[in-house]
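Given below, in the form of C-alpha cells, are the structures.
Here subunit A shows up in two complexes: once beside subunit B, once beside subunit C.
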Partner chain A sequence: MNIVVPVKLVPDLVEELEIDDGGTALDTTWLRFILNEVDEHALEQALLLKESLSGTVSVISLDGEGVDDVLFASSAKGVDRLIKLTGVDYGVNVNNHAMARFYATTVRILEPDLVLVGVQAHNDLDGSLGPLLAEYVGMPYVGYVSGIAPINGRCRVRKEYPGGLIAEMDVEMPAVLGVQAAESPPRYVAISRIRQAMKTAAVDEQAAPDLDTTGGPMVDSMFKPETAERATMITGDEDEVAGRIVDLLRELGKA
Partner chain B sequence: MMAAPAMEAADAAGFTDSFSLSLEEVEEGRRIRACLQCAACSGICPFGYLMDFPPHKMISAMRAGMFEKVMGVDSLWLCVSCYACAQICPAQIPLTNGLMTRAKEEMLLTGSIPAELQEALENSQRYGNALGEPPRRRADWAMDIEPAVPILSKIKRPVEVLWFVGDYASYHPRGRQASQALARVLNRLDVDYGILGPEENSDGDSQRLAGETGLFEMLAEKNARAFGKYEFEEILTTDPHAFNALKNEYPALGISYPVAHYSQFLAGRLDRLQPLLTREIPARVAFHDPCYLGRANGIYEDPRRLLTAVPGVELVEMLHTRETSICCGGGGGGMWLDGFRWEKAHFRLSEIRVQEAIDVRADILAVTCPYEMPRFEDATKTVTGAKHLVVKDIAELLVDSLIEQG
Partner chain C sequence: MSQDIHVIVEHLRGQVADITYVAVAAARRLATGTGGGVAAVLLGHDGETLAGDLAADRVVYIDDPALADFNPEHYNVILADLIGGDPPRCVLFGDTSMGAEVAGVLSARLSMPLVSRCRSVDAANGRLRFISQICGGKILVEGDIPEPNALITMVPGGYKPEQGRGETAPEVTRTSVSPLGSGRVAFAGYQEPKAEDIDISTTPILVAIGRGIANEDNVELAEELAETLGGAVCASRPVVDQGWLPTTRMVGKSGKRVKPDVYLALGISGAPEHVEGMSDSDLTIAVNTDPEAPIFDVAQYGSEVDLLDLLPVLIERVRAAKGG
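Moving on to the complex of A and B:
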C-alpha cells in the first residue's frame, strides 16, 4: 500500500493574529506556521496503515517557513519519502485551488493507492484541499474519515456525519480521503530522533509548476470579529448571585 | 492499540545491556552494581507501593535480564523525580538522575507516553514553554511594574544579574504574582538586573527528567544563544528547576555561568534587605523545601533565613522537612501528568503536604518554587480544615513586609 500525504501549514493561533496594512490578509511579520492539526492525523493514519500492511508513505509539502521541521519530524516517525516543492512559498498567494494543482502534479507521478489529507484547515477560504485535489487527479473523495481498512483493492472507510451518525462505505482505490481522526492519536517522536533524521534523511526537492490560483475568491477586506458586550459581572453574596443567575436564565429562556 | 515504534529492533538481552551501559555514563552510575536490594528507595518513594517496578525492583529486573518487563508497564510515569530514593540509598546510586530518568527516556523513545505529557513536550518544543503560551507574551507579567523591569534586548547595556524567570513564573497567574513581587524586591535593593523576555526558553529540566533529553538540549542551546548576546555577571533564577539545570546540567553542554536561586541571592543581601522589612506579619509560617533546592542541591537555610528576617514570622517545621521534605507532585514531568497520576493513585501529594501544614497550625505555607503555589492552593480547597491556610511565595511575604515604606 503506497500512501501519499500532502500537507498544509497554517498560521498558529497561539499568537494573536493581526491584519496587514492592506486590510485583505494576515500580517505575516509575527505569524508562525504549524502543521494543520488534522494533517497530523492523516499522517498518523498513513503510518498505521503502513505498519499493518507494509508499503510506503510519502509526505509532500510546498516550501516555506517551518517545512523542513515538519518533513524531518515525519521522517523520524517513519515516513519513507520527503518531497518538497520548491520555487513557491505556501505563505504567499497560495490558495487551496493552487495548492491542490501543485500537489496533483506530484500525486499523478507517484501513482499512490491512497492519498490522505487532513479534512479541513482553519484557513480554508476556498473549500478544503481534499476534494479539489481529488478532482484534479480524477480520484473519488470521501471526507470526515475516522477509520480506513483496505479490502480487495477497495477501501472500507468510516465516515462521520454531524449528529453522531457514522457510515461505513467502500471506496475504489486509488482514492483521496479527508481524515478527521486517526485510529490512534498522533504519536510522540523524541527530539533526538528528529535531530537524527535531520542528519540522515534526504529531502527530495522538486520544482513546483507555475502558480495557478483560479477558482479561489478575491478577498475584499479582512477584519477581526467585532465582539458584542454580552458578559455580565454578577456581584454580591452567594444568595444574591444565585438569585440573579436564576433571573437571568429565566429572561434568556423567554427570548 | 499502540503501533510498533519506528526504532531499531534489539533483542531483549541486548536492550538490557545497552540500557545498563547507558546508566554507567551517568555520574557515579557504576554504583548501580553495588545495589544491596535493601528496598529503602522503594520504601521512601511516595509512589513506590503503586509502581509495578519501583527502583529496587527495576534493578533486580535488570539483573535478571528482564528489563523489557519494566518497559511493558506505564507506572514508571508516577515518578516525580523527587530525589527521595537517591537521598536515602545507602549505596549512593544516582537513582533519580540516572535510573529513573534513563528508564523514562527509554519509554519515550518508543513513543509510548501519556497524552498529557506529550502535549507539554510538544508545547515546549514549539513555543519554548510547556504551557503552550505565546512566546511573545513571556514578559507580559512585568508590564505594570515601576520602575520597569529591564528587558535586555531593549536596554542594550551590560547588567550585573540576568534574571532567568522561567515558564510558570512568567505565565501562570500565581507565578506571575510572585514574579512581580520578586521584581519589587530587586528594585528596592537597587539590583542591576535584566530579563530575556521573549528570548527566554524553558530551562528544560523537568522535560529532561521526564525522559526528553533531546528536547532539554534543544532548549538549553536556545537559552545559550540568548545568554551569548548579552553581558552579565551572574544568573538569578526564580525556579529551583532552572537553578538545577543551570548549575548541574548546562555545564556539560558547554553552557557555564555562575547561578543562584533567588533565595540564595536575597539571603546574601540580608544586611541590606532586613532593615527594609518593617511591616510585621504575625503568623505561623511553615516552609516547604522544594526538591530541587533541598535534596538535589542541599540549600535548606537560605529560604529560612529570609522568612525569619520578616518581623512577626514564627517559623514552624512540618513533619517532613529539609532532607525528608515531600514532593509537591510537580517534578519530573509531574506538572503534566496530574490526570494520569490521579487515575493511578487517587491522591495528591500536595494534599498530604497541606495536611502537614495544618497539623502544625500554620497560617501560611511558604514556598519558593513556581510549581508549588497552584498545587498547594488547590489542595487547600480539598483538604478539610485548610481553607484558612494561605500559600505564599517567599518573595510575596517579603513584599508584604516591605510595603509600608512605599
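Moving on to the complex of A and C:
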C-alpha cells in the first residue's frame, strides 16, 4: 500500500493574529506556521495503514517557514519519503485550488494507492484541498473519514455525520480520502529522534509548476469580528471568580 | 445562464439539515440582487415533500433509488449535469460532511469558483458580496462573489434557520436523470452511535472541557464539579479524539447540539465547529486564559483565570453553597 500525504501549513491560532497594512491579509511578520491539525491525523492514519499492511508513506509539502521541521518530524515518525515543492510558500497567496494543482502534478507521478489529506484547514476560503486534488487527478473522494479498512482494491471507510452517526462507504482505489480523525491519536515523537532525522533523512526538493490560483475568490477586506456582544468579564483571582460564578448559578437556582 | 440562485438540499434519514434553511435565507438575500428566483435542488428517493417548508420559489426534484442515502459520486454526476447545463448565478451548499465535498469536486470539474465558510451574503449596487469566517472564528474576510457563476458553502451563524422557512410549499418539478451506474463509491450502511451513558442534549447543566484541560487526570476535576452541580461533563473534539471522554460527550458540528440552562466552557477556544453545537445555551460562562478567544463572543460571562486554578476552588464554593 503506497500512500501519499499532501500537507498544508496554517497560521498557529495560539499566536495573536494581526492584519497587515493592506487590510486584506494576515501580517506574516510574527505569524508562526504549524501543520494543520487534521493533517496530523491524516499522517497518523497513513502510518497505521503502513504498519498493518506494509508499503510506503510519502509526505509532500510546499516550501515555507516551519516546513523542514514538519518534514523531519514525519520522517522520525516513520515516513519514507519527504518531498518539498520549492518556489512556492504558504506565506504568500497560494489558495487551495493552486495547492491542489501543485500536488496533483506530484501525485500523478507517484501513482499511490491512497492519498490521505486532512479534511479541512481553518483558513480554507476556496473549499478544502481534498476534493479539488481528487478531481484534478481523476480519483474519487470521500471526506470526514475516521476509519479506513482496505479490502480487495477498495477501502471501507467510516464517514462521519453529525451526532456520532457513521456512514460506511466502499471506495475504489486509488482514491483521495479526507481524514477527520485517525483511528488512534497522532503519535508523539521525541525531539532527539527528530534531530536524528535532520541528520539522516533526505528531502527531495522539486521545483513547483507555475502558480495558478483560478477558482478562488478575491478578498478585499479582512477584519476581526465585532465585539459588540462580548461577554461581561469577571475580574479578580480564582476565589473571586468562583464566588461570582456561584452567585450566577444561585440566581438561576442551580447552586 | 440564469440569474437564479440554487440551494442544494441536504437531508439525512428523512430530515432536512438546518444548514439548508440557512442557505435558503442567504439565497433569498442574493436573489433580491439578481432579480432571479430561488430554486431548491433535492436529490432523493420517495422524498418529494422534504423541501415543502423551504422558502424557495420552486423545487427541482430528482428521484432515484440510488439517491435514498447520500453518495458523493452520484451527487457529483447529477449536479455537474444540472449546473453545468444551465449555470445559475450561485449554487449554495452547506459547509458540511455532505456539501463541502460535492462543492469542491464540482468547482474543479466545472471550473466554477468556490467560496467556502460563507457566513453571510449581501447584494447591493449590482454586486454580490460574501463574508466568510476563517482562523477558528478569529478573522472575517469579505469580497465579491466571483462572476459570472459561483459555488458557495455556508456555515451557520449569519442566519437563523427560521429565516429560510416558508409558509407555502413551493412548486415541485421532477427531473429525470440517466440511470446511475455502480460507480467508484458505494454506500454500505450506517453505524449507529453507541448507546449513551448520559444524554448531554437533555442535561440542564453542562461542564464543558476543551484542550485547556491539559491532561486526562484533570478530567476528574471536571467530573467532580459536574457531579456537585448535578450536571454532566461534555467536551470539544480534541478531548474526545484523545480518548479522554466517549464520543457521546462531544459537542459541535460532528457531535451533539446542546441547549442547557448553563454551559460552563473551560479551556475551549470557541472554534465555529464547536460553537455550532452550543450557541443556543441559555447562559454560557467561559473560562479561557486567551483574552481574544472567540468563545467570549458567545458567552454572557467570561474570565481569564487559569481553569486549573479555578476548578478546585469552584468545587469547594459550589459544595458550600449547596450546604454540603
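Simple rule for what comes next: the second predicted complex is superposed on the first by the 228 of 255 C-alpha atoms of A that agree within 3 Å, B and C clash if a C-alpha of one lies under 4 Å from a C-alpha of the other, contacts with A are read in each partner's own complex, and residues count from 1 in each chain.
Everything that follows uses one rule, which is that a contact is a pair of C-beta atoms (placed from the backbone, for glycine too) under 8 Å apart; a residue touches a chain by one contact, two chains touch by 3 or more.
What you are looking at is a predicted structure, and each value in this text was computed from that prediction instead of being measured.
In the superposition on chain A, contact is made by A:Glu135 with subunit C only, not with subunit B. Judged by the touch definition given at the top, the superposed model places A:Val219 against subunit C, while subunit B stays out of reach. Within the superposed three-chain model, A:Pro185 lies in touch with subunit B and with subunit C [touch as defined at top].
Within the superposed three-chain model, A:Lys77 lies in touch with subunit B and out of touch with subunit C [touch as defined at top]. In the superposed pair of complexes, A:Arg158 makes contact with subunit C only, with no contact to subunit B.
After overlaying the two complexes on the shared chain, residue contacts for A:Glu16 are found with subunit B and with subunit C alike. Within the superposed three-chain model, A:Ala231 lies in touch with subunit C and out of touch with subunit B [touch as defined at top]. Subunit A has more of its residues touched by C than by the other of subunit B and subunit C.
Taken together, the two complexes place residues 14, 16, 185 of subunit A in contact with subunit B and also with subunit C. Touching subunit C in their complex are the following residues of subunit A: 11, 13-14, 16-17, 19, 24, 26, 41, 97, 100, 120, 122-128, 130-132, 134-136, 140-144, 156, 158-172, 175, 178, 180-181, 185, 214-225, 227, 229-235, 237-239, 241-246, 248-250, 252, 254-255. Contact residues on subunit B toward subunit A in their complex (touch as defined above): 1-7, 105, 108-109, 111, 113, 115, 118, 121-122, 125-127, 132-136, 212-215, 217-218. Subunit A contributes residues 12, 14-16, 30, 34, 47-48, 51, 76-78, 184-185, 187-195 to its touches with subunit B in the complex. Looking at the complex, you find that subunit C touches subunit A at residues 12, 69-73, 96-97, 100-105, 107-109, 111-117, 130, 132-146, 150, 153, 183-194, 204-205, 229-230, 241-243, 247-248, 250, 253-257, 261-262, 264, 269, 271, 283-287, 290, 292, 294, 296-306, 309-310, 313-314, 316-318, 321-322.
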